[in-house]
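Going by the order they are written in, the chains are A, B and C; count residues from 1 in each one.
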Amino acid sequence: MFPKNTWYVACTPQDIDDKPLGRKICGERIVFYRAQEGRVAALEDFCPHRGAPLSLGFVSEGKLVCGYHGLEMGCDGKTIAMPGQRVRGFPQIRSYPVEERYGFIWVWPGDAAQADPAKIPHQDWYENPEWAYGGGMFHIHCDYRLMIDNLMDLTHETYVHSGSIGQKEIDEVPCKTTVNGDEVVTSRFMENIMPPPFWKLALRGNNLADDVPVDRWQICRFTPPSHVMIEVGVAHAGMGGYDAPPDHKAYSIVVDFITPETETSIWYFWGMARKFNPRDKALTATIREGQGKIFSEDLEMLQRQQQNLLDYPERALLKLNIDAGGVQSRKILDRIMAEEQAAGAASASATATA
Amino acid sequence: MFPKNTWYVACTPQDIDDKPLGRKICGERIVFYRAQEGRVAALEDFCPHRGAPLSLGFVSEGKLVCGYHGLEMGCDGKTIAMPGQRVRGFPQIRSYPVEERYGFIWVWPGDAAQADPAKIPHQDWYENPEWAYGGGMFHIHCDYRLMIDNLMDLTHETYVHSGSIGQKEIDEVPCKTTVNGDEVVTSRFMENIMPPPFWKLALRGNNLADDVPVDRWQICRFTPPSHVMIEVGVAHAGMGGYDAPPDHKAYSIVVDFITPETETSIWYFWGMARKFNPRDKALTATIREGQGKIFSEDLEMLQRQQQNLLDYPERALLKLNIDAGGVQSRKILDRIMAEEQAAGAASASATATA
Amino acid sequence: MFPKNTWYVACTPQDIDDKPLGRKICGERIVFYRAQEGRVAALEDFCPHRGAPLSLGFVSEGKLVCGYHGLEMGCDGKTIAMPGQRVRGFPQIRSYPVEERYGFIWVWPGDAAQADPAKIPHQDWYENPEWAYGGGMFHIHCDYRLMIDNLMDLTHETYVHSGSIGQKEIDEVPCKTTVNGDEVVTSRFMENIMPPPFWKLALRGNNLADDVPVDRWQICRFTPPSHVMIEVGVAHAGMGGYDAPPDHKAYSIVVDFITPETETSIWYFWGMARKFNPRDKALTATIREGQGKIFSEDLEMLQRQQQNLLDYPERALLKLNIDAGGVQSRKILDRIMAEEQAAGAASASATATA
């Protein structure tokens, strides 16, 4: 179960640079490619001729050409041409609303009539000279909500990432969760602690001493369907913490876009936008490599947790204070999915009556 | 669904040279081996003692010996002997009609009483000094009918095999499909075109210029259950095309025997019999290598098409003029399978009445 | 189907030396680790907090710490502590009776109230200066009863292990099967035969000539649920055979503990305890390597046999005299499993009535 009338990150522009990309999203096989004038397009990955995946084809003058028998498909799902054929009666395939924004390709897997590009969440850091961004993608076999839980409860850093960003103070300092409409915020502020290895690296990256006490913060922001932006950082202790001046802190946003592939697998887009020393490309590469290594530590845990939950479907899990972020996020998701179902039922009923 | 009262290619003689071969055909696990006097035999791959696969055993003096406890099996499915045992009461296992012919081992997976070796389709080119043959085998995860479709509509060469045998003229010249009893023929004749790379190679192989216009032909012949013989070739333009004298053309038959393993997988035996320069073994090797590379290009397309069709079982596919060969072949198959089912039901009913 | 109120070998002490071990036994996911004072513990591999596998965690001061969020679990399945949490209301997870004995960790997957360490079968050879032991473990995809069959009918040695311990005389000399309560014994005594390669090696290992006739014996002892101890050996012919003095024979026990993982997979603990030249560690290593190689020859046969039986579930297998050991063992298992089911039903009924 996932919301469908919403924007998900499908891929990056580089993924469709050379050829079409076939990717299953929310259970739907979709092909992404660049159509006329470089505009991105998304269609069912199913040629109306014989069912071949269109993603095995190629793009020619903005048209998606099936790699099996040369059918030329338009970005509206209508066949444009096929060698030796009249194509007017060919069945139309589904096209999906799709947008290129903030360095990602976004797709709307639900009702196209409701798709509004303005609903794509704004990313302050994108193409902003004060910020630098680096990131990557993992394919993980778990329910997308297990990843939301993971990111909304950072006490796991103490255990899963003990050698990089974990430290016992995360466990010791309580977090606070608030709900503002459809946004859930879980935050934790730690004062006068020693920075763990990753944050030492970040401090040095901003030309700051890394062997002195710091204040550290984590502010996790969930918005539906599955975006989790986490403000993270450290400042030399006593300089104002989160509000310290830029040259006394290392401040970043962990960017997480989680896209369901199936009920039990995801495309996980992770990255870090940093607001210090943004022009240092070597630092961007170093942080990206470090973050990739750290985030890969979650994979086995999430996948094995998923297997356990499938094996023991009847078990109720605990909902502790540290789980409040995930619990509140799931409540919002449950409400949205119920609304989608009710709207679908009402629409079906109206159709039946008419 | 596949016809069962028919001959399928099971393997080649080399496959059983050294030891028995276990291979699933039409859903049945079968062991093939050489019994007395070198005659090929085919049995259920199931030892009546404890169910071990007989294909893990060995052949001794023409008897198939189970590799687990030494049961000696005869080619009629009756146990001959077992160390320390009286075997007269042992249950008989099924034996399958099997023939060695034209460089292949053929098996009849259906009712043995109906098996007639005369029904194995004659191969003119076999052990004929005017012809040379080379081929190979692929295991592919698709319904055998998708491969029939593939071979009866060669417009796909333009896209799937664009670097070897494909050319735009295949798309431009219409094909013609005729049905003669249980044979379906789809043919295309292209005149005064430049030969694509594979046919340049073939022309050189017959000591002909490869940089001049040619006439090219493709005559696809389907016969049940799943044999597709394709006459292919090029002749220097204006020399008579298909009917040109042998020293002005390169003429071959693409040999395709498609054997269902399961509903969605096949053993695909492909090869090329050529009627030019037949004694040139290096040329045979070169053509075989080239053909293997070309035919391997179909694998991903067929397997991904199969996955799509399984995911979207309700979708109706188009039946265009270029698909007529496959469509007509499927009609014949549907009729044969309906006849087999009706005969099976009548036989069951007669048994019940008696 | 397997007995559950019984002891199975779960792993070796070395398997939990450095970190917890997660292993599925009789369909239950279990984590094994060393708790307080080095005592072994076994728990459901399921953290009551969020379902993470506890086997991905670590042991700290005898407590099993979940590697996800730091929950500290006691060996009784009760949560001891969790950073920042009151844990008294946390649900208890299941703990399993577990014992360390004879170089193995034993687990009782059934009703803990019935677990009695005295029921672990005594192993004479363990830490006995007259004996030396070496062994290993295989994961095999077959029903545990197929392995019992295998070990209770050693005629398979002639075929599966023809290059090491097999010889035609095994087939030629009848075996005898007796049932004593819950013990099944199948024995075979071969006189005045030449030793096969493995036994030549063993004779040399006891400083005995290996090129003279020997008497050879095989006494297979099954006890429930799935232990098969096989007395094996050779003595120079005419010296008393099985009862020959120690310096005229090579006498060993093949140790087999078979632990079901699922209905169709096992953890197979194999080894050899020898009662000759016990201090020769190089000999122990050589025998262990040889036995490992020999026993690995059974894997493909058992796994392919299992596949065949799954494909043809309706087939009745033969029960010959050589199969009597397996057949009688299965009878005992059937009775035990029926008793367990009846006791379970009675207990459920009593609960319903009360």
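Here are a few things to note about the model shown:
Definition applied: a contact is a pair of C-beta atoms (placed from the backbone, for glycine too) under 8 Å apart; a residue touches a chain by one contact, two chains touch by 3 or more.
Listed by chain with UniProt protein names: A, B, C = Rieske (2Fe-2S) domain protein.
The shown structure was predicted, so the numbers you read here are calculated from the model rather than taken from an experiment.
In the contact between chain A and chain B, the residue numbers used by both copies make up under half of all numbers at that interface.
These two copies of the sequence, chain B and chain C, are related by a rotation of 120 degrees on CA atoms, to the nearest 5.
Here the CA centre of chain A is 48 Å from the CA centre of chain B. Within chain B, contacts with two or more other chains are made by no residue at all.
Residues of chain B that touch chain C in their complex: 29, 45-46, 48-53, 56-57, 65-70, 82-85, 90-91.
Residue ranges on chain C touching chain B, taken from their complex, read 149, 153, 155-156, 158-160, 171-172, 174, 300-301, 304-305, 307-309, 311-312, 315-318, 320-323.
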